[in-house]
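Note that the chains are named A, B and C in the order they appear, and that numbering of residues resets to 1 at the start of each chain.
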Amino acid sequence: MNQSKLSIVDLTKRYAPGLDPAVDKLSMEVEEGHLVALLGPSGCGKTTTLRMVAGLMDPTAGSIIVDGRDITQTPVNKRGMGMVFQSYALFPHMDVAQNVAFGLQMRRVPPAEQSRRVAAALDMVKLGHLAKRKVRELSGGQQQRIALARALVVEPTLLLLDEPLSNLDAKLRETMRSEIRSIQQRTRATTLFVTHDQDEALDMADRIAVMNGGLIEQYDSPSVIYERPNTRFVADFIGQANFLTASVVADNGPTASGGATAGGASERNYTVDVDGLGRYGATGHPGFVGSTRELVVRPHRLRVSLEARGGEAGIAGTIVGVSYTGDTVGFSVRVGERTLQAQFMTSSAAVPRPGDSAYLSWNPSDAYLLPGNPEVAAA
Amino acid sequence: MTTTQTQERPGLRAGNTPGSLEKAKARRDRRTYTALLIPAILGLLVSFVLPLAYMIRMSFNHGEADGVIIEGFTLDSYIQPLSDPFYWKVTLDTFQMGVVVGVVCVALSYPITLFLARTTSKYKSALLAIAIAPLLTSAVVRTYGWMVILGSNGLVNSSLEALGLISAPLKLTNNMLGVQIGLVEISMPYAILAMISGFGRLNPQLEEAAGSLGASKFQIFTKVTLPLTLPGVLTGFLMVFVLSISTFITPTLLGGGSVQVLATEIYDQTTGLLNWPFAAALSVILLVLFGAVVAVYQRLTKKLGG
Amino acid sequence: MRSYTKYGMAATALMMASALALSACGNTSSGSDAASATSGEVDVIAYSGIWQDQYTAAVIKPFQAKYPNIKINFASKRSSADMLSALQGQKSNPNTDVAIMDQSVSESGNKQGLFDKVDASAVANLANVPDKFRNKDGYGPVAMLDAIGVVYDTKAFPTAPASWNALWDKSTCGKVNVVAPPSLLGISLTAITSSMEGEDYTKSIDKGVDKLKQLAPCIQTFAPNPDEYQNVITGQTVIGLGQNARGQYYADQSGKKIGVAFPKEGTAYQINTINLVKGAPHSAAAKTFINYALSAEAQEAFAKALFYAPSVSNAKLPADVQARVVPTDGSLKILPLDVDFLASVRDKWTETWKRQIITKQ
């Protein structure tokens, strides 16, 4: 009953024998109605994966299952998916309505129904008034919406978006983000979405698959990806992160929030020794005592005080840089060999200057021991 | 730019207002452009406009049988071919030959061009060079090649005979068929070049988009690829049509004297019968034919491009 | 802007005018050579291909050996008509001295005032040219003679075809070549056919044309390429029209694959004249060359090389060569196709072929 809309099983693409695979035994499940982002740097295999799902590229191995049916061998035109290309790929020799009607025409939908559905699709993207326009008379954002209407009008089994926002300017991108998201939620179209922009993925996706080197590093909801990254790559790619090396010295019991790990066990509070700078609190999977791991703290979760306070002194450092952007202020704090980044909302209080001493600390729940990476040697 | 349109205020010395400075600069720029154009205009004038004017003037002279040209102004050289069914037939044959060669040549070149336009092979430029390499040999040489291949004892006939498919050689040369075969092959590099430049709108993502929307390979071709390449196809056709109705080498060499088209007729009149006014008039008629086809072409491309 | 364009136009006109003036100057300056009969250059215009090769070897090389100070520049053309149009083009300012071309074409040139008269005072060997080979108005005389023959594949015809009727033989249908008018070969065939049909071709060729229409469907080519001889040698055709001289030459070249013969009904001459261009820039040296071309030595050498019959009475040929050049002693029936007549029918007959005969294919 709880069957996935899309299952990808051990999908592999090798462009040439001997080359490293572009996609390496990738497996993932996508639930009905979800919008899933394939996020990663260029060359990570995300577009290759999307093209294999679309049927535009043959996998070397593995299978793609939609609604319980293996479609790995089904040709592209029989898959019934709707795809929006990075360049939108609107047909320049047709007008807007003809573009949107193309998929219906291929499905031999009766003309009357065609025009009804085309009109509805154009209304959905709020471009009903442009039906008779030529494609080249449209702006980028309009083309984008027409491409979306063209993909959705056929009521696709899956909606596939290949970097749909990368050709738009920053402002328009924000608008289109929420528009695509709201259309996707209204139509309940299960959507696979390729992007290299973490903000886009965090903002729009129900789940994010962070890809690197043909593999999925982590596949989780945006908040888990952000708060509980599996690997240094994920932590680094999503948002900003400070990395420290920590030896886990004591287990202080389950966390108060009772956050659960992927394995089902609850997270534990630990005492860790950070780079020999002192002992601090941290959170992580059970069973880490005695290991040395990477500790990640987001810049805005770092506390910075300008004077040592009581017993909880924090790590002493020197402010080496201040960047003021209006809403936030960022500090670069030199601690021994490392430079850590901290970030705050600005207030009317005086802003410290480079050269000032600073003391860094954090809530144990904001310092996360990375579970995915192998243990690191003590620094 | 609007400042250049404003009226100069009285009291301000001309040359100091921003507007007049811009004007002066624009004037200098225009002078530079004009100066740069002069060599090209001169070249065009000497190599194209003057000969054309001379030819048109010549067509109104009177040509005597022994090659004597009587200067004057007469429409004889036009009345003669236009009132003569023979020349109507020659014109029609010329047109027909151009159309047949154009259609066949474009049809044969199309798959090659499509392949060249689409291939992502690292040898793409080498392949393109090979496709147009025949241009490196002269049309005369290639036509002689076809005479050898198509002759009674040529490659085609001897192969067919060896296979037992025919008992007597087919007549593949010294007739219109031979001329058309030769022209199709000779024009192919031009067709490929003309078409490939017109295939710019072709984009693999468009074909992929059509496929993802449910179009079969055949539907992709008829609904997307072909309409998108049609302007290129038209340009290719026009190119081949114009080349084949204006060439006299191939009809002369492969036609065996029995292919009578405007170009061979002009050549005969010029060098055989020395009737230059008549040849000039035929040339003008050929030019009008070109003009008509180009006009149709422009209307069609406007429609397709719009 | 407007005035600027006007200056541009004026500049253009000025440049073109000065270019014309310069080219005009360039040519008048060379006129100083005209005086010397034994030095300078002679610009000759004549046929291309093997004719050029053989004439160069047999006549021009020995001439230059004899007159080392005269340089011969050979400009070759595919046909006499090409030569004539070249000469017409330079009429006001010639840069050619001597033209060797078909008599019918040179006659037209004479009428158009392209050529000068040639007299015995400057060209002593003119005395050896019989009256029948001299121009009655004193223009360039005949330099050599040839005649139209039937060329044939020696395998298909172990014995030479004796009659022009061989062209109409059904067994060779589709393997016949002719060279349609305006070529002299086609004109001659028209006259020969008409005459065979019992007509006076100077009055009407209707019957001849009917007969040629019957031949048309069997004709492989009306314009053999590269030429009528190669067509027979390569087997594209087995019989057709050709000139005796070249036919003889190619017979030797091809190991007797091709033969050439004069059918019993007679034939027509192809005659080349040697002409002095009016206003020739090197007229004195040109006359020296013409004189040499009419010498027994040059005439004999060219007959041996390319089997053209000499036009001078003092040329003596070896028997084997004599047997292969066209007889000029009256032993072969020659249809008189005089120059004025040819000029009067060339256009008409060409049109007749184009409209009535070639279209019957």
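Here is the rule we go by: a contact is a pair of C-beta atoms (placed from the backbone, for glycine too) under 8 Å apart; a residue touches a chain by one contact, two chains touch by 3 or more.
Quick caveat: nothing in here was measured; it's all calculated off a predicted structure.
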item: Innermost chain by mean C-alpha position; value: B
item: Remotest chain, chain A as reference, centres from CA atoms; value: C
item: Chain A-chain B separation of Cα centroids, rounded to whole Å; value: 55
item: Distance from the mean Cα position of chain C to that of chain B, given in whole angstrom; value: 36
item: Chain A-chain C separation of Cα centroids, rounded to whole Å; value: 89
item: Residues on chain B engaged by chain A in the complex (per definition of touch); value: 201, 203, 205-206, 208-216, 219, 223-224, 227-228, 304, 306
item: Complex contact set, residues of chain B against chain C; value: 27, 30-31, 34, 38, 41-42, 45-46, 65-68, 86, 144, 147, 151-153, 171, 174-175, 252-258, 260, 268, 270-275
item: In the complex with chain B, residue positions of chain C that touch it; value: 1, 4-5, 8, 12, 15-16, 79, 81-82, 84-85, 88, 108, 111-112, 174-175, 179-180, 182, 219-226, 234-236, 343-344, 346-347, 350, 354-355, 358, 361
item: Partner chain B, residues of chain A touching it in the complex; value: 54-56, 75-83, 85-87, 89-93, 102-103, 106-107, 134, 150-151, 154, 160
